[in-house]
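Next up: some structures, all given as structure tokens.
Next come two complexes, and both contain subunit A; in the first it sits with subunit B, in the second with subunit C.
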Partner chain A sequence: MKFIRHLAETLLLALLLAAVWPGALTRTPYDRQFRELPNAPVSRQFPLGTDELGRDRLSRLLYGTRVSLLAAPAAALLSTILAALVGGLAGFLGGWFDRAAVAAIDLMLSLPWLFLLIIVRAMLPLNVPALLSVLVTFGLIGLLGWPSAARIVRAGCRTLRCSGLVLQARACGLPKGRVLLKHVLPNVRPILTAQFRASIPIYILAEANLGLLGLGVADPLPSWGNLLRPLESGLAPDWAAWAPLILMLLVVSCLYLTQSSEVVVR
Partner chain B sequence: MKHFLALWGRLSTCAAVGYRRPPGRLTIGPQLTKLPHKAALLLTLAWSAAAATGAPYGGELRFCLYSEPKTFNPLLVADTSSEAIRYMTAGVLIRVNRQTQELEPELAVSWRVVSQGRGIAFKLRQRVAFSDGTPFSAEDVAYTMRTLLDFNLHAPTADSFGAGGTAVHIETPAADEVKLIFPAPVAGIERLFDQVGILSSKSPKKEMASLGPFYVAQYKPGSEVDLSRNPYYWKRDAQGQRLPRIDTVRLYIQQNRDMELIRFQRGELNIMSAVSPEIFDQLQARMPAAVRDLGPSLESEMMWFNQSPKAPLPAYKKLWFQSREFRRAISAAVNREDLCRLVYRGHARPAEGPISPANRFWFNAGLKPHRYDPKEALDRLGKAGFHLQDGQLYDAQSHAVEFSIVTNAGNQAREKLAQMIQQDLKRIGIRLNVVKLDYSAIIDRISQSFDYESCLLGLTNVDLDPDAQMNVWLSSASNHQWNPNQASPATPWEAEIDRLMQAQGSELNPARRKAWFDKVQEIVSQEVPFLYLVTRNALVAVSPSLQNANPSVLRPQAVWNIEMLALAPEVSKK
Partner chain C sequence: MNPQMPSHPSREPGPLALWRAWPTRALASLAHSRFGEPGPRLSRALLRIAATALAGGLLSAAMVRFSPGFGLDEKQLDARLSRQSQEAVLRSHDQERNPLRFYAAWWKRVLAGDLGFSQSLNRPIRELLADRAPATIDLMLGGIAGAWVLAIVFSVPAVVRRLRRLAALSSVFSGIAASLPAAGIAILLFRLGSSAKWMIALVLFPRLYQYLRNVLQPASGMPHVLLARAKGLRWQPLLWRHILWPARAQLIALAAVSINMAFGAAVAIEAICDIPGLGQLAWKAAAARDLPVLVVLTVMIALLTQMSNLVADLSTPALRSQS
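Right, the complex of A and B next:
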């Protein structure tokens, strides 16, 4: 099991390096359209061929990987912070704040997030550069993804509120804020870490869903979501067109493998 | 022998009609009505005779509708699925032949335009009955027109005859004559009757009683619509054989085009309409005999700039979009040939203007698509005060030229078009932000909030006559997308288009109408309120087992001659 975990981590690291420095593997800009070479087969110039508009598939895959691999953890971090804030305060303070937070969590969980994303995105300004669209897309995913994690954090904090260490800290006269920051949150850190790690593959898939609907990262910037679009019709010209899907499955599997292994190891 | 077979054919039809004789005037061979078993015998013999002529009878035609039909009332049709069903079930007085685009008599044997274009008089076909046996007469036409023009019905077709609630004067001097007089002349009045399915004023089945080749036999919401042959259908083929040849039509409600493709390849479907270029090429490789590229369709893709004064845009951007030179420059910067080649795999052509060459009469053959010429684009921009600096275009006030284009998410072809335009404009220093929104958000922006800069959408001309485009070209119209609902024309050229459209709308002489509408097309080509990009080809797939198929670019494409279609004997026996 340890071997599988190491293998998964090595693969993730290698992919991350390739995504951070795509220039090491390709010099072709991801948005350049070689219009005389649409759907070109695999060649030395284009190791994964070209797409329908003549763009280098490898270059787009690497830059798309960068978008997904860097932005999804950022979105996961955002949602985890929000979950810690809302869930932590609700569980620790109790009373009206807890009731309000639970109502907000229930409301957010009952909303169909995909439609919510589509609606929120439709209300945003139109003149958003492609790079900013990455922040907008993943920011929205992060902002809408906190409720389920907040519920778990809240449960953990409620348990801790009545625990001996918190009672002792309060009996010593420590203010509530300090008790929360110094004693409660450190004790729910494993929950937050697990939530953070579990969110990454979920957000990768969420962006892929949005991208598949054409509502994700703006063109011409690639992401795994919009790279999957040619597969939508099931009429992909060749095997290289399936590379984004294979890579996405590989990354999501590796992320889950590292998590599950961690539990076993522990 | 030929006469003999034709006689048998007629006898068989009489027998079939006689066996289910409706109450009323339809009296054919009373002796046969008393002898149903003889009728059945004659029918069997006629079937054998028909088989001997080589035209197979029977069988089930199967194809897909891509959305749920909204209505079966022929007067309320507004969606393509209901339109296809109306075409196959409803009887009309005059039919536009989808191949020749000429008018042909259907339930009206003749007609003449009267009262300086304000009216039309029909001589109706006799001995015709609805699918439930109710006889057809002038009363039904009168009833249909009264119902159609009833303001409370909100029938989409009524708008073509004038404003809703138009008071029409109807005379029925005889059972086979009807005269309709409208308050004002109606341009191309005859063609409008192609869209008017005649209802029965007496049938207890109301709008479900049909005069077309089929009637709706069964509807399973979300699944299928089944049509059965109308036993009283009046049309015969050249040999006098009864029509339609096919017994039933099964219309699957199927939105997934990939599933449709799989079923077509398995032989479970006979027709695929509006095939995408990708599917067309795939089918061409596997079933070359099944696919047909019919050439330019009536569907085109276009983009336009928001010129509405109500738009919440910076003043300098409004100035760009209102500049003719700016619009012409953008048009010259777009490589339409590449759009056709890459996005539509060659199954499209650069668009000339608002009317496709598929519309034979109204197309202005003098127009040419705007040439791809980045140098011309930069020259025009220079004339309008723009300048290029370090690869970035700036206007006279040194604003970097950047704007967004909205298009509907999920339409891959349009997304690719937008990406290619983005690349083309980058060459002249313009940054284009492509924004994909869901359709309702786009409609809200282009018709309510006007919060957009440019838009890329498609256009389908369902009606060949330009009078149907009044709601686009008149400056006061709501679909005058670049600047809708104007109190008075914002520019001299829009005033000129208003004048020409109104002139052609009240003129009866087709040649004069054509000359005026040609002028409208020329103005649109010069001023480019819409940048017409490509005209898509009509692509269909027809199973080789379907005989007499002669698809047309006009809807309903492969089934426009539904009554003549026949299935190969081995298929029809299944």
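Right, the complex of A and C next:
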């Protein structure tokens, strides 16, 4: 198992490097259109062929990997910070804030994650610049992804609230905010780290779902979600069109393998 | 002889009889206050469910109201309409501009039996729900059943009969399914000519499989299970009486959770496969900012999820009392 985990980590690192420096593997910009070569088959010039607009699929896949692999951790960070704030304050303060936070968490968790995501994203403007669509899509995923993590953080903080170290700190006259920041949150850091890591593959898949429904990152900027859109059209795609799905399967599997002991429910 | 042990174990009701009796017992427990103070507990739970559904509806009303493009109607672009007609089209959204007022009026109409009118689909919402609900219910029931069958087939023999190769194969299969987006699974199976129910089943399978293994694995390592195994008990009674039966409360909770998961998957799958169900309705309504439809769907789904969780919660003490 250890060997498989190391292999997965190495593969992820290699993919991350390729995504950060796609110029090392391809010289073609992701939005350059070879208008005379639409739907070109696999060749030495285009190792994965071209799409219906004559754009190099390999180049788009590498740049799309960059978007998905860098934006998903950013969204995971946002939701983890929100979970730490809401769950930490609810568990530590108790009282009306705790009740309000639990009600909000219950409400968010009573709606299926994908349903909520699709509904909220569809309500936001879709005709926006490509870079803004990345911010909107992943920002939304991060903003809606905190409840399950907040519930776990709240449980951890509630336990710590009555622990000896917190009682002693409060008896010494430390203000509540300082106790929370200095003594409670550092003790739930393992929970937060696990939630952060476990959220990344979930958010990659969420963006892919949105992209496939036409609600994700806008063209011409590639992402794994919008690269999968040609598969949804009625035309029979060639094998190279499946490359984004295969790459996503590989990356998400590797992410799961590197965190096999951490389980998140969503 | 131990006085606490039943003198005639054969006269005890079997697991099947107990399974059949649990709804009656759950309701009886509420009526006769057998488990602590179930009366107040139930009323609190119902109150919480009502509050969650109310808040969910209000949230969706507020979200739609403040989303960009609210109140615009493509009919306004119709050059054939006179100025008065265009003003009338604009005024048709007036009552929706204040979400609180809209929501209060909406509840008043709902309590009178009127769910409202979908402006984007130009039909009463009640009719839309009646037309589309059967397709989604059929899809969800078939998908949930398929996912449970797959999860049981892959997890039970691997855990109970300790088939390591099957366990490894199941983990790989579940890992692959968990690493694909629901919409990706839908496209893949659609290309292979599979039914939409199998798409839902495959989306749900990895989660159910993981939970089921987590429930069954510790149960199969319990001392009484090991003793029964050492005494040569066959695997079917071992599984039923000593592994599944003690874990029934968790399994019911898992069944309740799978309803929520199935609806989430149904939205993407119905949109991809063009199935005229509630999921597709939600997607279309969101794209058209159809406030009344979205509020009805949000309240309905919040209620469904909360009620299924309540049934699971209520069944736990009722089932424990039978042990």
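Brief remarks on what is shown
In the analysis below, the second predicted complex is superposed on the first by the 239 of 266 C-alpha atoms of A that agree within 3 Å, B and C clash if a C-alpha of one lies under 4 Å from a C-alpha of the other, contacts with A are read in each partner's own complex, and residues count from 1 in each chain.
Note that in this section a contact is a pair of C-beta atoms (placed from the backbone, for glycine too) under 8 Å apart; a residue touches a chain by one contact, two chains touch by 3 or more.
Treat the numbers as computed from the prediction; the structure is a model and nothing was measured.
Of the two partner chains placed by superposition, only subunit B is touched by A:Glu52; subunit C is not. Shared-chain residue A:Val42: touches no atom of subunit B or subunit C. Applying the stated contact rule after C-alpha superposition, one finds that A:Ala122 touches each of subunit B and subunit C.
In the overlay built on the shared chain, the residue A:Ala18 is in contact with neither subunit B nor subunit C.
When the two structures are aligned on the shared chain, A:Glu232 is found in touch with subunit B and with subunit C. When the shared chain is aligned, subunit B comes close enough to touch A:Asp219, but subunit C does not.
Subunit A is touched at more residues by one of its partners, and among subunit B and subunit C that partner is C.
When the two complexes are overlaid on their common chain A, residue A:Ile152 makes contact with neither subunit B nor subunit C.
When the shared chain is aligned, no partner comes close enough to touch A:Leu93: not subunit B, not subunit C. Shared interface residues of subunit A (contacting subunit B in one complex, subunit C in the other): 118, 122, 213, 232.
Residues 48, 51-52, 55-56, 59-60, 63-64, 67-69, 175-176, 178-184, 187-188, 191, 210, 214, 260-261, 263-265, 267-268, 271-272, 279, 282-283, 286-287, 289, 294, 298, 301-302, 305-306 of subunit C touch subunit A in their complex. Across the complex, subunit B meets subunit A through its residues 257-258, 276, 278-279, 282, 338, 341-343, 402-404, 406, 409-412, 415-416, 418-420, 422-423, 431, 433-438, 441, 451-453.
Put simply, subunit A touches subunit B in their complex at residues 31, 33, 35, 38, 52-54, 118, 121-122, 126-130, 213-215, 218-220, 229, 232-235.
Put simply, subunit A touches subunit C in their complex at residues 103, 106-107, 110-115, 118-120, 122-125, 201, 205-206, 208-209, 212-213, 228, 231-232, 245, 248-249, 252-253, 256-257, 263.
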